[in-house]
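Several structures are given next for inspection.
In the two complexes below, subunit A is the common chain; its partner is subunit B in one and subunit C in the other.
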Partner chain A sequence: MTQDYEVEFVERGEREARILVRGITPAFANGIRRAMVADVPTFSIDTVRVIENTSVMFNEQIGLRLGLVPLTTDLDDFEIGDEVTLSLSVDGPSTAYSSDLVSSDPMVEAADDNIPIIDLKEGQRLEVEADAVLDTGREHAKHQGGVAVGYRHLQQVEVVGDLGEFEDDDPNILRGVIEEQAAEHAAGDATNGELVATDEFDNDLRNRYPGKDVEVSDVPNAFVFHVETDGSFTTEELVLRAVETLRDRATELKDAVQL
Partner chain B sequence: MMVPVRCFTCGNVVGEHWEEFKARTREAEEPEDPEKVLDELGVERHCCRRMLVSHKDLVDIVSPYQ
Partner chain C sequence: MDLRVIDKSDTELSIEIAGEDHTFMNVIKGALLETEGVTAATYDVNPEQSGGQTDPVLTIKTEEGVDALEALEDGTDAVIEKADSFTDAFEAAA
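Now for the complex of A and B:
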């Protein structure tokens, strides 16, 4: 199956992006989504050696909290299974934060600085040594780089007539992204073919097409992905790595079945 | 006891916003509307919002009984 596809950014940010992909099947779109969630590895603390813990939490609870802290991951320099050691040593009274984690490798450190690990009172102390390991979301959810990754069909709105003067004035809620097809009826500036996120008109089609009767339909084979990362890497890195794992597996299958 | 690091449902990191959320909605002299604070912090989904809205710090309550 060879088919042309096209990729376009609707919104683009470090940690959150919306990407429109045209010319792919629903099955392939779901494949990309699953690859983003399960197949792109990130660093996460996996083993904790407790040297001293006189806090109000058990060692296991501290270990769980440390495991969930996102760590910056550069996938060019590490392979699955690589380990990096981090240490944490805090004396009470104070709070241990994710920024107190000291890494042996400057490329792997806490992506968010303000996450409270444990509140320490007078005389309490926490000292641990932890090994972070690079692994995939398939292995454990703490290794997932993508957060709330999903997709929707791109939608188009067709104006089919005017609303009657005494018609019910119910909200016409729509979420996602629409491709403008009826610019002449739209409120404000609009050009046909433009991509409009529905939150621009408060998710209510009455605001976009005042007084018009509209019908919404899906644009075939066009999907808008919503991609968010936990800070381990950028959205761009996540999507590219996900597609790469898909390609690698397809190539592997092709080689395996060749005569 | 301590605020969860991540949202149970979607896995977004919410722990980093806790202290600001707490300071602005519960400890300030004129507490702000939690809805507004969460919007400003960029905690959008209702799964993540409930993590902060429904949380109570218990370390101070538990610590005398060590």
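Now for the complex of A and C:
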């Protein structure tokens, strides 16, 4: 049994991407999605040693906020359980930002510079030392690298006729990505086979196929993944690592069965 | 990954796979259903709070002459192949 997948990028960015995969079963697609959310590890602050906290918030509240700061994670160099120490020292009056976190390892630092941790007034001071640990989203949601990860069927639109001249002009809202199959009826430039995100025509099929009666259907075994990361790593890294965790588990089960 | 065989005959296998959840179980089940010689494959898992059997139990039935344990091994091979093939296709597109 050989499987051939076809992968195509609909949208591609460091932190957000839409990826079309053809020839994939729903079971495998959902396995990849779940693995992206729960099984790809990222660094997150887990232990905080408070040296001075004269801010208006309790140590625990500061600890929670620090835990939620995404940290860049290079999965080639670390494994689950590894720790990296960061420190933060800010004097009021000013705001402590994620960029004030100083890491002992340049590979692990705040993914965003502008996350406010707490606003400090005159005379207030926050100094902490924190240990970030590499773990998975299964353990705690702060370790999730993938945020807003999901998929939809690729869809195709068939023009089945004209709308009657006096028919109600109701919106025909569609979300996701369509594969153009009726370019001759489409408004503007269109070629058959091109992938069109529905927000390009404001999610309303009336704008794409003016005056036409259309029917929408799913393309079998073709899924469009929407992948967004918290900045710990790129979308590509997230997808590949998720597939790798599935592969690792299959290998582990195979070895266990062979014994 | 700890395995515990619950029931085993030539063409039937019930096996507990500790520490796994829907993420992997549904993938392996899907792969088993596409595997030659497998007539039925399913898994059952209970929520953490149920307090009972919370590790998934995979059940496989195979055609006469096909060993269920070997079928499971073929299933894992299929998952590995899927993963490799997906990685190749993804890297080619990236």
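Basically, the second predicted complex is superposed on the first by the 256 of 259 C-alpha atoms of A that agree within 3 Å, B and C clash if a C-alpha of one lies under 4 Å from a C-alpha of the other, contacts with A are read in each partner's own complex, and residues count from 1 in each chain.
Keep this in mind: contacts are C-beta pairs under 8 Å (C-beta built on N, C-alpha and C of every residue); 3 or more make two chains touch, one makes a residue touch a chain.
Values in this document were obtained by computation on a predicted structure and should not be read as measured data.
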Using the touch definition from the top, say if A:L246 reaches subunit B (first), subunit C (second), both or neither.
second
Using the touch definition from the top, say if A:T25 reaches subunit B (first), subunit C (second), both or neither.
second
Would you check which partner chain A:Q258 touches, where first means subunit B only, second means subunit C only, and both and neither mean what they say?
second
If you tally the residues of subunit A touched by each partner, is the higher count for subunit B or for subunit C?
C
Going by the contact definition given at the top, which residues of subunit A touch subunit B in one complex and subunit C in the other?
none
Where on subunit B is subunit A touching in the complex?
1-3, 5-6, 10-13, 15-19, 45, 57, 59-60, 62-63, 66
Hey, which residues of subunit C end up touching subunit A in the complex?
1, 3, 17, 20, 22-24, 26-31, 34-36, 69, 72-73, 76-87, 89-94
Residues of subunit A touching subunit B in the complex
54, 56-57, 61, 65, 68-70, 98, 111-119, 121, 141, 144, 147-148, 228, 230-231
Quick check on the complex: what are the subunit A residues that touch subunit C?
1-9, 19, 21, 24-28, 30-32, 34-35, 38-39, 236, 239-240, 243-244, 246-247, 249-254, 256-258
